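Below is one structure, written out as structure tokens; the observations come after it.
Just so it is clear, A, B, C and D label the chains in written order, and each chain counts residues from 1 on its own.
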Amino acid sequence: MPPRKLQIACSGLGRMGARHALNLLTRTPRAQLVAAFSPDEKELAWAKVHLEPSGVKLYSDYDEMLKHVGLEAVVIATVTTVHAEQAIKAINADKHVLCEKPLSTSVEVSQSVVDAAKAKPHLKVLCGFSRRFDASYRDAWDRCDSGAIGRPSVLRSQTCDKLDPSGFFVEYARFSGGIFVDCNIHDIDLALWYFGQDSIVKSVAAFGITAVQPDLRKYKDVDNGVGVVEFWGGKIAYFYSSRMMAAGQHDMTEIIGTEGKLTINANPMSNLLEISEPTGVRREIPPHYYGRFEHAFVTESNEFAAACLDNTKLPFKLTGAVQAVKIGCALQESLNTGKKIFFDETGRRIEKASL
Amino acid sequence: MPPRKLQIACSGLGRMGARHALNLLTRTPRAQLVAAFSPDEKELAWAKVHLEPSGVKLYSDYDEMLKHVGLEAVVIATVTTVHAEQAIKAINADKHVLCEKPLSTSVEVSQSVVDAAKAKPHLKVLCGFSRRFDASYRDAWDRCDSGAIGRPSVLRSQTCDKLDPSGFFVEYARFSGGIFVDCNIHDIDLALWYFGQDSIVKSVAAFGITAVQPDLRKYKDVDNGVGVVEFWGGKIAYFYSSRMMAAGQHDMTEIIGTEGKLTINANPMSNLLEISEPTGVRREIPPHYYGRFEHAFVTESNEFAAACLDNTKLPFKLTGAVQAVKIGCALQESLNTGKKIFFDETGRRIEKASL
Amino acid sequence: MPPRKLQIACSGLGRMGARHALNLLTRTPRAQLVAAFSPDEKELAWAKVHLEPSGVKLYSDYDEMLKHVGLEAVVIATVTTVHAEQAIKAINADKHVLCEKPLSTSVEVSQSVVDAAKAKPHLKVLCGFSRRFDASYRDAWDRCDSGAIGRPSVLRSQTCDKLDPSGFFVEYARFSGGIFVDCNIHDIDLALWYFGQDSIVKSVAAFGITAVQPDLRKYKDVDNGVGVVEFWGGKIAYFYSSRMMAAGQHDMTEIIGTEGKLTINANPMSNLLEISEPTGVRREIPPHYYGRFEHAFVTESNEFAAACLDNTKLPFKLTGAVQAVKIGCALQESLNTGKKIFFDETGRRIEKASL
Amino acid sequence: MPPRKLQIACSGLGRMGARHALNLLTRTPRAQLVAAFSPDEKELAWAKVHLEPSGVKLYSDYDEMLKHVGLEAVVIATVTTVHAEQAIKAINADKHVLCEKPLSTSVEVSQSVVDAAKAKPHLKVLCGFSRRFDASYRDAWDRCDSGAIGRPSVLRSQTCDKLDPSGFFVEYARFSGGIFVDCNIHDIDLALWYFGQDSIVKSVAAFGITAVQPDLRKYKDVDNGVGVVEFWGGKIAYFYSSRMMAAGQHDMTEIIGTEGKLTINANPMSNLLEISEPTGVRREIPPHYYGRFEHAFVTESNEFAAACLDNTKLPFKLTGAVQAVKIGCALQESLNTGKKIFFDETGRRIEKASL
């Protein structure tokens, strides 16, 4: 008899939700996608074609889905604004949860998910920082951890999207929490990973412009942001995020240590093909985040399923997700006030009136 | 009710066989691995742990396995010497077949597989030229096909293995058919793909040395081979194969056309990490063939399953596999006699006594 | 009769001075090095061997050297602290001047050089921003200027030195003006080049750590610095400088426009050689600034000589050098106070007490 | 008093000749270009503008030029057909000689230059294999020589020109000696360098097509050639040459040893700039040979001048140039007859009638 599979549901069937659902259905052998929820007619219509024939029960009511008989786990990939609410409901219903990042654009709300999870220590609750499952980032971590670059001291990381001239990102900005919370949250999480989850922020400062989408200003957002985060103990992380890359998605990271440097994805590429033509030598690069991290998402759902089934440890703690949102929100505040923001060695915010 | 899955078996559970079996089990959602065969105790012991618990029935007799109730298809990944025999048996037993390359080290035996397949036109019979399923090679093909580089005229392709100081390749050479048949068969197949499956060979010449494994000579093999194949119509393919790469596997291809060039994998890499250290900037490269082509193998088994289930066309014809072996054998003969071998415009071998 | 050559002297024969002198002697066909000055015995001893035999008169007194009969121009490559004084003396003595960067670590002193030059409009006075003479940066500029990347909006640039464990940089920091004035001055100059020489700074903020040389603190300097400069009109430049690169010098720049991006030296390399070995594929990178910019320095001295002889325009104005120092000093101040510094749209500094 | 300079002349002022002349005039401080010869009116007109004003005496008669008072050395950069004659005349007139490659397209004629040089052992006679002066190739040699890659066993090298649709190469082929003698002569010389100047050829075989310039056939030439050279002692070199690269010049070499591999210029580039644009990431590559090897040519003329003035050893022997021509001619013959050509262990040609 084949081993039992994790009975799992997917909430949200938009761009990322559909990918999660398909990964659970076809590329996560230890999981069985049994249910899916979307409040959106179009998404449900898609699911009727792509999920239902494989035995997935579709729901237009999240609470109903949670009652699906035998359901053990939920992947939450809805709009950010409902992440936390759905996660808490699922936890309270005794389901394991894999929640897309960020838990919330609010620190307090993010914390409430952590609190709910703490109350149910037998559940696996994971925030979907996909880069944590990427082979190159993991290779970097192993080397870092083994001391290959001495003491990691400076981290540079960027999340840069291909220019989308449709104006999509303007409306998206209404709820995204802003570019530092939406994009650089990944880079912030990397800083916490490579510098240590217990790193304490000393100051943050953020800068931004609207080079191609001036309408972003109405949601206090920008299309190009630069953020710097100082940590107590002599470490600096600096971030760049952009919505206007011409060639495609370019997410990259450098971890600079006292004895060496690790660089991940300095030279983005769609695949291993190069084209020589009269204008020179050219390679294409992935058009979007998923093109870069597809395999990381597959690893993520497989490892999540394994942790739930085998009751093993998740690769990182949920509390870091709150810290990342906290830093992201501070950057967003700094962007909007123009102020640098300071924290003491316990992480408490301090006002430097005299500055 | 979930859609039905292709009932499939895996024959051979050695290095590649085990990978095929696991891909069928966990990464080929439309296939169900129901049976596996190996004549080898150690391989069966491995399968007891990794396959049997998932409901795979194990066989130590290939003919018995073919009688497995409901079996529809077989992946053949045994030693090359039994590929053809097993493929023909499976075809005769009305099973779809995915047979690892080469069909045989003999042209005649390879042809007998094609003949068997012709007699059962409802079956899907595929020779596992894994590069045909690789995203980069496919991208190159699409561009080639759309005229992006004009008329493909010169192809350079290499299959280079990491040095294995254990002497493994000496014993392996006893049955491999020689380096041109075993390694460059992939490159030959690429030449036929990009130049056109109907390309007619005009001449072949091969050269080789035993730089690190002099014992290969006892099986008339070499550890570094260079082969050139001229085609009628003004096309040249030249190949390199090696068993002594220090850094790892490096398989690459250049397709040079009258208006451009496509290069696949000029700069091999294990992943997207680069390491800066006192000795410079370094990247690691995959240690073996599978490290480079893992995703191609997964695509291969998924597309094979889909073609069997949906009765759709396979991406390329079986007859090409015979042509590739024919060219590989001619290269091997040229290597051993030192002679250049000629063919007329119908592909018939000619003796140039005066040469 | 061969055409006349610019009669030129070199002041300072330390690391960069010696290179300038040799470039003038052997790689600047339109210049004739006739004199050289150094206050240092060891440097003069070197010059006795390498310059004097070629007819160069050596001086241990700068003022005496300025009186050298027929002298037309001076290259100033002494320690930064005397750049301005020597430049002004030379200008007053009616000599053309090529002064190493920065003019001074003080804005006022830098301005005094500009003032002296203004009084002698027939003289060519150039600040040696060597990257302005580099083929790759010039190629980038031409493309920028032709609109290839739309409106340049974000610039990232770094100057990163190989780790020098000797402690050299600690003593060097006593007079260097700090890492932003000494290293990032080049990057600041690039921002002014690509964004436009008339760009007005809106704010600056700087951050730094001493990861490997804690003694730098006594000169208020750091070994890793991150600086951000906002310009009025929606442009941001951000900089990184480091004294602890393991592999070698890595200076690179990205100019990100609304329609494309230009990247200069993303992948540093000493030459075109790559080494495949059991640990992977490796390339070496230049150990120091001169290894990267040697040819730019040669171009610089040739173009300077040509401008003096032909009375043609220099490729960029001297006033920019003051602006670069101004920005560098503001970054240095921000580093040391922890404060962000603001400027109004006329470039005047403003205090934001309420911030 | 400045040290004396080598009194040198340049013969031939075509594409390469003009470059040599300018390098001698402006980038070779220890040489003084005193004379130049060309039989061509247009070239002389160019020289009137670019050389004569610097004191270079122009000649339309080579023999007259050799009588120029005080002349010590000649660089020969005329058409290949007169290389040998001019070289011998210069040697007989007691001048040092730097002769462009190849000495001749005939082995016998090449040998006659060597014989002339042997009779005047006090003269420096150099064949201009420019890659021998290239920093990357020299770096590779040093590593090879120090055993970094074990025993060099396979060498792959190519000389590939940008497509020139003007048809220039058709007329050029009349005298060039053919693509193996004209282009691959460099690669052959590299094989002799890295494998050892005393390597003995065992067999050669060549293959070629006319993909874009069918008219080349009238001069028995091709626009794409593949050649293989086996050496006694278990070494193989294989070459590719092409006249139809879309993107620009791409000359590259791989030296594969038993313990590692050295790759020179796997990724050609014009400079360090990369352009990101909607079609991907692109770099340009040099349009011609000189764009790749400019600095090697400058090094060549400087080292030649130094060897003449200081009576020091040249970096490699003239006899190798004959061997390179011999191999090139054998490849050319193999191309045209379709035959593989064999040599015994003493290097004597053998007929294998039975083959």
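Operating definition for what follows: a contact is a pair of C-beta atoms (placed from the backbone, for glycine too) under 8 Å apart; a residue touches a chain by one contact, two chains touch by 3 or more.
In this text the structure is predicted, and so the values were computed from the model without any measurement.
Of the two interfaces, B-D and A-B, the higher number of touching C-beta pairs belongs to B-D. Averaging C-alpha coordinates per chain and comparing to chain D, the farthest chain turns out to be A. Our note on geometry: chain A versus chain B, Cα centroid distance of 39 Å, whole angstroms. Computed from the mean C-alpha positions, the centre of chain A lies at a distance of 56 Å from the centre of chain D.
In chain B, the residues that touch at least two other chains are 149, 245-247, 259-261, 266-267, 276-278. The residues of chain B lying in touch with chain C in their complex are 245-248, 250, 267-269, 276-285.
Residues of chain A that touch chain C in their complex: 149, 151, 153-154, 156, 203, 205, 207-212, 224, 226, 228, 230, 234-236, 238, 240, 242, 244-247, 256, 258-261, 266-267, 337-340, 342, 352, 355. Residues 1-3, 25-27, 29, 53-55, 135-136, 139-140, 143, 148-149, 259-266, 270-278 of chain A are the ones that touch chain B when the two sit in their complex.
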